[in-house]
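Both of the next two complexes hold chain A, though its partner changes from chain B to chain C.
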Partner chain A sequence: MEVYLPLLAQGLAIGVLTGILYVLVALGLTLIYGILHIVNFAHGEIYMLGAMAVLYLHVVAGLPLVPTLAVIVVLALLLGLAIERGIFRVLRGQWLQLVVASVGISLVIQSIGWIAFGIQEKSVPSYLPGIVDLFGIRLPRERLLAAGVAVVLVAALYWLVYRTRVGLAMRAIEEDEETARMLGVNANRVASLSVALGFVLAAVAGAFVAPVYSLNPGMGLEPILMSFLIIIVGGLGSITGTVLAGLLVGVIQSVGAILFGSEAAYGLVFVVMIAVLVARPAGLLGRV
Partner chain B sequence: MKTAALVLLLLALVALPPLAEPYMLHVAIVVLMNAVYAEALYVIMRMGYLSFGHAGYIAVGAYTSALLATKLGVSVWLGFLAGGTAAALLAWLLGMVTLKLRGIYFSLSVFAFAEVVNAVFRAFDFFGGPAGIAGVPRPMFFGARLNTHLGFYYVVLGAAVISLGFLYRLAATRFGFTLLALRTRDTEGLAESVGIDAARYKTLAFVVSCFFCGLMGAIHGHYLRFVSPFVFTFFFSTDLVIFNMVGGLGSFWGPLAGAVLLTALGEQLFAAGYYKSLVYAVVLLVVILALPGGLIQLPRLREAWAARRLRWAKQPVVTTER
Partner chain C sequence: MTRPHRILTLFAVVALSVVLGLPPSAHAQKPLKMGAIVPVSGPAAAFGLGVQRGMEFAAEDIGVFTVGSDKYKLEVVTYDTVYDPGKTVAAMNRAVYNDGVKYGVIIGAGVHPPILPIIRETGFLDLAFAAAGRQITNGENPTVFRIMASSDQLYQTHLQPIIERLNVKRVATLGPNDELGKNDAKVVRVQVEAMKAKGVQLVAEEYYERGAKDFGPALLRLIAHKPDFIETDGSPTGSIALIAKQARELGFTGYFLNSTAVLEAKAISDIAGKAGDNIIALRIWAKPPTQLYAQLADRHQKKYGEAAPGTMWEAYAATKWVADVIQKTGTFDTKKVADALAQSTYPDHPFGPASWGGEKTYGAKRQIILPIPAAILKDGKWEPFDVRTGKFD
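And then the complex of A and B:
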């Protein structure tokens, strides 16, 4: 099969952009797993709610974008606090029950979503229409915007986790909970904060990715599959690993789609994941 | 007493259906299939492994049998066995490499496997692509095709009784008890220190689990008369986990109770679409939060609650995977 070089370069560029979008979606998941070791299956549904909130507040009700985002952040924060308090805290220490409960939360939100929002596909008009032409590689601006947001959020998360006292408390709890508690770290507060921040990251990701994909209550499933894959390949809980794996998966998917077709590329990504798990069970950059 | 009740139940399941309406038979067939899936999953849940990908093995069984029947004209009865065998073979291959992983890593790798299976079925025309395979025939029985619900009901009943009976006996064997010992990383280490080859036991348990999923999956495909990648989704896998958790992991009867009650309830809500998964999920959350141990704990509600309160106060924030 003949593949033209410009086509591959285009695929590579789109792959990198898609990868960054995956990183954006996976960040909150990495945070919650990294600190509390909870795999939050409801992440995709929070992402969906973020996108839906943009549709109803910004597009339908005409609220400007910045206040819309503020409302989304506050709502996600409250939802995160409520779920941590009402469900995750009760199930502490039982990984199986926690995972299954998060699947339950995801199913509840999704089925209420189907009932409330209907089955019709919806779309959000682009925040930044148009295409940037870079040496013959064409990149849609809205994806560049989302990628920019992703880069800012990754930097912010690094700063929070590695440069602030709150981040220090988070890492201390993860490293040695008993000692951290003895030194006066409020473990409950760390747990609440981590879950709430994870939820905010999910909702913000949904808000910025909304114009790129079409919206329906089931839209959270595919990104969350990809996010799991990315955080596993990268090493559960490692921010750097998540970023690397996101880019890798984006490129494999997009270049694979050009070479073998999109369904085969989708399968290929999962084969890569199983291979990584077998060769390095902790992921590319994970500790264990 | 217990045996008498079981014999009576079995007699009722054999004798009553000719009197039932086709819709009731349909519900009974779905209940029996889900009961087998749930118990098959229970084999590995009992040893502390959670799978979000059993629908992938069910799909492998369904597609194997459907392809053999439609492309090669192989007898449907042989197709059932081939479906189970194909699923078991794939479980053996995947199990060898992924059962070393514990906790969520294993769950997500099986989940990834199910996604690969689905992607392959959607991608290649040989497997019917996104549309799946139509015209999957019902089995022949003494020259007559079992096209009615009643005829097929007895096929499913037979398969379910054999599968459930086998799985029930298996849990009480030395093999079944050994699986219980592999539930945590610590006890697995202990088991290995007395000479138990944990890896072999785990692989075998996974193979058994997937064999019965594949077998019932093959029957499932012939019941629906078509197979499609959109039947065996992630939500199929989560339903099986929900049956297990709602019924309770404490005994063989838990997953069975969960599957029977929830499926019967879910079929009533079928016309209402998304209310079914809403009800499943709400029941799941209520049971996990308020009744750890599942529905089979109901007779000992007071003790379960006392244990729940004790456990809750002392848990660390960071959940370690065992």
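And then the complex of A and C:
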């Protein structure tokens, strides 16, 4: 095969758009881990619920998209608050128990999903159908929309964590919970907010990725694995690191597939990621 | 005895005799366990649930049957394999050694290699739902029967006629990077090679991780070779729909072929829209081939509120076929049942009359022979494309 410039440019564009989708899915995970050091294995199922909620509220029930998103945000907030209050708070600091609990939540949601939503693949029609042709590079509008949402959410999360008093409290908890408590930070409230926001980010990601891919109750598995890879390579808890790692994975996958074939590209992603971790064990922007 | 006492006694005697007269279904039958050793969770769950439901329908229809002087009732026990070889070994061990299961449907070419030693050792009668060829059904595995058309059989039956009919010259393949995908690519290569004189060539081969949702990079590489036909192997409904959607987004305008999966037209159309047009699928009946097929489709829709999964039909037929042979041979000895099964035919398959073949290709008469259809997707609906006998030596 002749590898020529337009093909590489198309590959790069697809890689960037795919990478941004990875970032969109990984954001909530990095927030919860970054603040509370909880590895939320149920993140993929919340993402799935966000996608299914769009299907049933917007497509089946006919609710307009904006109110649908509002309902999804509220439901995800409530679910996040309930799980933090009922499970995560009780187990705070007990790493292994938290892993077991979040894996359990994940399996329970998925099992209920298979019963409630059935086994057939489902889909959500594109919010923005069509292709943008940019000098011969074909970009699906629905992916551009999802990428736009990801950019807005990254900016909003960055602003929240680094520019607000709530964000300051979050970072204080992350740094040293005991000292933060002594200085009057309500750690439980901050924890609830972090988990709830993490759930909202996962559900919103599901809602915007839904038209790009197909839906089934097991759809959260692949994104969650990729998200773990991205947040570890990016540096646990680092928003900027997550963005960089997401883009890196997307571009390596895409350009690597063009140059070496898709199977080799899959391996190449891990080779590069291992190399990054060997060179910087805390990840691209993680702190040692 | 006073009159009321007599009436009461008479009533008791009648009631007792009614109860004793009912036993076949009420209390005398023994369970015959059949395993659905299939994925019912994870990305391949739809395949497994289809098998499970087909077997359960068959068990309902068989009811109570006699072997020797005893009455039996089929009990379908499901063991989740998650389509993972390690978990399939665990499921198989549990079924065979813990629960004493001797018969069952097992899904997956990729999960078969590690369980074949257990099958050989115990004589487990495996109704294999696995398209890949020789390594599963062969002379060394006399109790393994493939109950679906094999990849070799599908491609030998349909690939060349389809290529000729559509005047295809440049073929590309995109399949899962597992046992099935690799094996099928090999078969396609042989078939296309045989058409070299007619100007047909295989221009590219790519693989993807099963369960993947993003095919853009692989498709880009394929499309760079300008194929006019992409063979997608046994990619399931969700994957083929996304492949079609993403390929059209990248400018591909040709045909797709799907061989071993049974696809759901509405789901493809929902996911891919018009991009799903011109997917040709083997093993899809655009119109019910038999009355039984239509009845089962209707029954599934009523019970589960959705279209029947593609694996349901063969699992239903195989379960009934084996129960029939057990009854006729009067034994549960799986080796004797296997011998009798291989010699039997089954006129009541939902696809049409079925028998066994494949002796020349696989060295064992353990490959189901039944009519094989091809359908083409147009505007979200399957339209008949071709039906061939599926004859396979």
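One rule holds for everything that comes next: the second predicted complex is superposed on the first by the 286 of 288 C-alpha atoms of A that agree within 3 Å, B and C clash if a C-alpha of one lies under 4 Å from a C-alpha of the other, contacts with A are read in each partner's own complex, and residues count from 1 in each chain.
We adopt the following convention: contacts are C-beta pairs under 8 Å (C-beta built on N, C-alpha and C of every residue); 3 or more make two chains touch, one makes a residue touch a chain.
Only a predicted model underlies this, so the values are computations on that prediction, with no experimental measurement involved.
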Could you check whether chain B and chain C clash or fit when both are placed on chain A?
clash
Which partner does A:187 reach: the first (chain B), the second (chain C), both, or neither?
first
Quick one: is A:10 in contact with chain B, with chain C, with both, or with neither? Answer first, second, both or neither.
second
First (chain B), second (chain C), both or neither touched by A:179
neither
Output check: A:87 vs chain B and chain C. Expected answer is one of first, second, both, neither. What do you get?
first
Which partner does A:221 contact after superposing on A: first (chain B), second (chain C), both, neither?
both
Now for A:261: first (chain B), second (chain C), both, or neither, which partner does it touch?
both
After lining up the shared chain so the two structures overlap, which partner does A:110 touch, if you call chain B first and chain C second: first, second, both or neither?
both
Is A:213 touching the first partner chain B, the second partner chain C, both, or neither of them?
second
Given the superposition on chain A, which partner contacts more residues in chain A: chain B or chain C?
B
Based on the superposed arrangement, let me know which partner A:138 touches: chain B (first), chain C (second), both, or neither?
second
Would you indicate which of the stretches 9-17, 171-179, 225-233 or 243-251 belonging to chain B has clashing C-alpha atoms with chain C?
225-233
Considering each complex separately, which residues of chain A are in contact with chain B in the first and with chain C in the second?
110-111, 114, 221, 261, 263, 266
Touching chain B in the complex: which residues of chain A?
35-39, 87, 90-101, 103-105, 107-108, 110-112, 114-115, 173-174, 177-178, 187-188, 190-191, 221, 225, 228-229, 232, 236, 261, 263-264, 266-267, 270-271, 273-274, 277-278, 281
In the complex formed with chain A, which residues of chain C make contact?
40-43, 45-46, 49-50, 177, 204, 206-209, 211-214, 216-218, 220-221, 224-225, 236-238, 241-242, 249-251, 264, 267, 270-271, 273, 304-307, 309
Along chain A, where are the residues that touch chain C in the complex?
1-3, 7, 10-11, 14-15, 18, 110-111, 114, 118-123, 125, 131, 138, 140, 213-214, 216, 218-219, 221-222, 253-258, 261-263, 265-266
Once bound in the complex, which stretches of chain B touch chain A?
48, 50, 52, 94, 97-98, 100-101, 103-105, 107-109, 111-113, 115-116, 119-120, 122-123, 234-235, 238, 241-242, 245, 273-275, 277-278, 280-282, 284-285, 288-289, 292, 311-312, 315-322
